[in-house]
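Below are structures written as structure tokens.
Note that subunit A is present in both complexes that follow, paired respectively with subunit B and with subunit C.
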Partner chain A sequence: MDLFLQQLSNGMVIGSTYAVVAVGFALAFTVLRVIQFAHPDVFMIGMFSGMMAAGFVPGGGLAVALIGGAVGSTAIGAVIERTVVAPLRGRDVLTTLIATLGVSVILQNGMAAVVGPDPIPYPRLLPSRFYEIGPLVLTLRQMFCLGLCAVLLALASFYVRGTHIGRATRAIAERPDVAAAFGVNVGQVCRITFWLASTMAGLAAVAVGTLYGSASAFVGLLYGLKAFVCMLVAGNRYFEAVIVVAFALGILEALVTGYVSSSLRDAVAFFVLIGVLYLRPDGLFGSYAT
Partner chain B sequence: MSALLRIEGLAVSYGSVPAVDGVDLEIEPGELRVILGANGAGKTTIIKTIMGLLKPRRGAIRFDGEHDLLRLRPDQIHQLGIAWVPEGRQLWNTMTVLDNLRMGAFEVPDKTTINTRIGEMFERFPRLAERRHQLAGSLSGGEQQMVAIARALVSSPRLLLMDEPSLGLAPIVMREVFTLAQDINRLGIAVLMVEQNARQSLKVAHFAYLLEHGHVVEAGLATDIAGKKSVQDVFLGGSA
Partner chain C sequence: MMPNLAFFEPIVIFTLLNVAMTVGLYVTALSGQLSMATAAIAGVGGYASGILTVKFGVPFVPAVAAGAFFGGLLGCILALLTLKMRDFILKLTTLAAGEALSVLAFNWDYIGGANSFTGLAPHTGLVTCVIVAAISLYVAWRFDGSRLGYGARAVRDDPLAAASMGVSVAQVRVVTFALGSAIIGMAGAVQAHYLLVVTPSQLGFFVSLNYIIFLLFGGLQTLAGPVLGAVVLTALPEALRFANEYRLIVYGLIIVAVMLWRTDGLLGRTPLGVARRIFGVTFGSAHTSQSILRAEDVLPSSTSAMKETATTKSL
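And now, the complex of A and B:
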């Protein structure tokens, strides 16, 4: 029972990080109709820019790293939006998919050329301390990661459900033409949404770097695949569905690691994907009719 | 009197297939005009081009004499005071009735104004007031058409484009929609309607165009058009 609870909480921590990346993916896909394959690399850039910021400002610590992560990822997200996504908006999904895949390759290998292909140690932005909460043992880094991601997800949900521009993102997701004809500047809303997704990714990336104590130019690869799976499994009808699926995936992976084998962990996502797409091609929670 | 909307020599194609070819059309402030035509005559294409959703190959569309609509984005066109009731309603089905209406006044900065106008819509359509928190997709066809019309009216437009508002409605609801179009028009809002239901729409319209294969083949006062043989042909769908 203790192992179960422990793996459950570990899974929630991992799941929360998947959720932040997956939400960014899902926003880009439902609002902009773009499969933003470079999104996980925006996350990676945030991880490194946070690390650099923490290095530049002595004693700055976590707060500076978070700001650095957010600035770095938002900047690179804005550049991608301006140079690749906006000019291709309205084109075939495959066109932007290939274009963003190209950006992804450039970012990964560009970063690898600078920092090397192997993981490098991440600065210790939080002390290695752990807390016993009943039968659970959680590290401070895990708690920070889970807490930060939960706040980001809550804010993203509030953006989509509770704000004026957020309502427009849902309107665009369901009927882009009608939204435009009712006064929504679609290009502008897409831009803001893209920036926000990038900012979220950069903030979460600093927490993930701190959690694992390492950063790699290729960290986005696995994150990207899993976030992509979460989006497909969830379907795009309800924004929050992808969050639920991401948490479920994190927990499932942790349970498989705990009870079966850690080498099977990364395959779980794909078993789930195949199973769900076989039974419910529109995703577990349904998608907008196209 | 100067035209509120003037379309000259409009030609729109889908790929190499022409949908509208050399259409001239205008509407004056406070008028109700109808474009009649069978499926595929190019009616919806004209409406979508006015709204900025399709780019024409040739032609000009001017609003209020000074605005060249072809240079504007759809959201900018909407802000000039042109609102759209799309074919098949096209509501945001996953949003509530209230959110659909709020989206109709998206660019109105003042919340009080928005709420006042939505309140007016609920007075006009009491059934929508009852269902304000329901998802738009769960309403009946007639109710959805009311939402689509109310959504267009909350922006206080000067020109209302109605694309086949009677499509798929029960006959009694259909008549209600035409009466409603007339009521809206009597408030001083110009209405440009696209319809297949010639009998009903000619009763409420001042002026009518008959569209066939992307060309205007007849134009005149609604009362005159109603008597023409070519219109009778369209009623029967036998004009090809």
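And now, the complex of A and C:
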């Protein structure tokens, strides 16, 4: 039982990081009909820019790293939006997929040319401290990561449900043409949504870097595929469904690691995807017609 | 002076194999099912033929045929699995299937597991690869102009309209997926006997992605598209070797540039208008150019305008 609870909480932490990346993916896909394949690499850029910011300002610590991560990822996200995504809006999904994939190749290999292809140690922005909560043992870094991701996801949910631009986002997701006819500035809403998704990824990236203590130019690969699976399994009708699925996937992976085998961990996501899409082609919670 | 052939041979072999695989993907994609499991299908072909030659002593040619068979079988299964799914979801399901197979191969000790499947004999040479590329091109070319090929295009463009015209959507999808996958499985089997090792990571999505990039870069409307894409993009990283660590960045830049400025790939539906104007030829399937009525055939003004430019050029 203790093992179960421990794996459950570990899974929650992993799931929260999947959720932040997947939500960024889902925002870009539902609003812009673009598979932003470079989104995990925006996440990676945030990780490194946070690290550099923390290096430039001695004693600045976590706050400076978070600001640096957010600034770096938002900047790179804005550049991608301006140069690749906006000109291709309305084209076939596959065209944008390949184009952003090209961006992803550029970002990964560009960063590998700067920092080298191997993982490098991430600065210790938080002390390594353990907390025992009942039968559970959680590190301070895990708690920070989970907390930050939870706050980001809550803010994202508030943005989509509660703000004016967020409601426009949902209108565009359903019918871009009708939304435009009702006076929504589609281009602007898409841009802002894209920027916000990038900012979120950058903030979460600093927390993930701190959690694992290492950063790699190719960290995006794994996150990209997992986030992709979450988005598809959830379908795009309910924004929050992506979060639920991401947490469920994280927990499922942790349980498979704990009880079955750690080498099967990465296969779980894909078996779930095939199973769910075979039974419900529109995702668990349904999708808008595309 | 002759350049050193031994240096170019691997590049030529990989180019030919990539042409065969991309042509297989082209056949699959013709009915609108752009498979994202190319590498997994090729890997199944490689594993199947490798197990037959190494563990059962089967000769090379029947083993390659078996590789093609198992590739086609997997294609058949994938097509049946995704029959109900919408276009975009379908592509991503094939992606997941490929990844799942990769992990399965990783955990299955009989076929080597994480240590890869080794012990294959080197059967593949330049000639084998030329034959494989020729077979795949011939099959794809015949398919391209066949009744089934047109049916596949109709299903891709509008399944509902195709069905109402009496085309069996399910049949077309399964047959095209199986045929394309058989070509890929054959190429995979031959590749395995050149590399002499089959590793689980070869089955992954990021290998499959290469073939999709080849196809979309060249253009998926004509048979010449995948051939051009595979040749250019296999040779390009080799040609960029002087730039070593920046070559992948340049590779990425070229992909983005093509997608931005030639969205349909280098060869669109009317392949390279410039080349046609200069040489007066159309690349790709001869059947297509005969059967599709071009604007010049209908509009006399444009024909005469073309003739005019031709005469001014000759003057």
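Here, the second predicted complex is superposed on the first by the 290 of 290 C-alpha atoms of A that agree within 3 Å, B and C clash if a C-alpha of one lies under 4 Å from a C-alpha of the other, contacts with A are read in each partner's own complex, and residues count from 1 in each chain.
Everything that follows uses one rule, which is that a contact is a pair of C-beta atoms (placed from the backbone, for glycine too) under 8 Å apart; a residue touches a chain by one contact, two chains touch by 3 or more.
Since we're looking at a predicted model, the values are computed, not measured.
**Student:** For A:Ile133, is the partner it touches subunit B (first), subunit C (second), both, or none of the two (neither)?
**Tutor:** neither
**Student:** Looking at the overlay, does A:Pro87 come into contact with subunit B only (first), subunit C only (second), both, or neither?
**Tutor:** In the superposition, A:Pro87 contacts subunit C only.
**Student:** Does subunit B (first) or subunit C (second) touch A:Ala171, or do both, or does neither?
**Tutor:** The answer is first: A:Ala171 touches subunit B but not subunit C.
**Student:** Determine, under the contact definition given at the top, whether A:Leu101 touches first (subunit B), second (subunit C), both, or neither.
**Tutor:** The answer is second: A:Leu101 touches subunit C but not subunit B.
**Student:** Per the contact definition in the header, classify A:Ala63: touching subunit B only (first), subunit C only (second), both, or neither.
**Tutor:** Neither partner.
**Student:** Can A:Ala180 be said to touch subunit B (first), subunit C (second), both, or neither?
**Tutor:** The answer is first: A:Ala180 touches subunit B but not subunit C.
**Student:** On subunit A, which partner's contacts cover more residues, subunit B's or subunit C's?
**Tutor:** C
**Student:** Using the touch definition from the top, say if A:Tyr278 reaches subunit B (first), subunit C (second), both or neither.
**Tutor:** The second partner, subunit C, only.
**Student:** Under the contact rule defined above, give the subunit A residues that sit at the interface with subunit B and also at the interface with subunit C.
**Tutor:** Overlap of subunit B and subunit C footprints on subunit A: empty.
**Student:** Looking at the complex, which residues from subunit B come into contact with subunit A?
**Tutor:** Residues in contact with subunit A: 48, 51-53, 73-75, 77-79, 83-84, 86, 90, 92-95, 99, 102-104, 106-107, 151, 155.
**Student:** Mind listing the subunit A positions that touch subunit C in their complex?
**Tutor:** Touch residues, subunit A against subunit C: 84, 87-88, 91-96, 98-99, 101-106, 109-110, 113, 221, 225, 228-229, 232, 261, 263-264, 266-267, 269-271, 273-274, 277-278, 281-282, 290.
**Student:** How about subunit A: which of its residues touch subunit B in the complex?
**Tutor:** Per the stated touch rule, the residues are 164, 167-168, 170-171, 174-175, 177-187, 237, 288.
**Student:** Please give the residue numbers of subunit C that touch subunit A in the complex, ascending.
**Tutor:** Touching subunit A from subunit C are residues 34, 81, 84-86, 88-89, 91-93, 96-97, 99-100, 103-104, 106-107, 114, 205-206, 209, 212-213, 216-217, 245-246, 248-249, 251-256, 259-260, 263.
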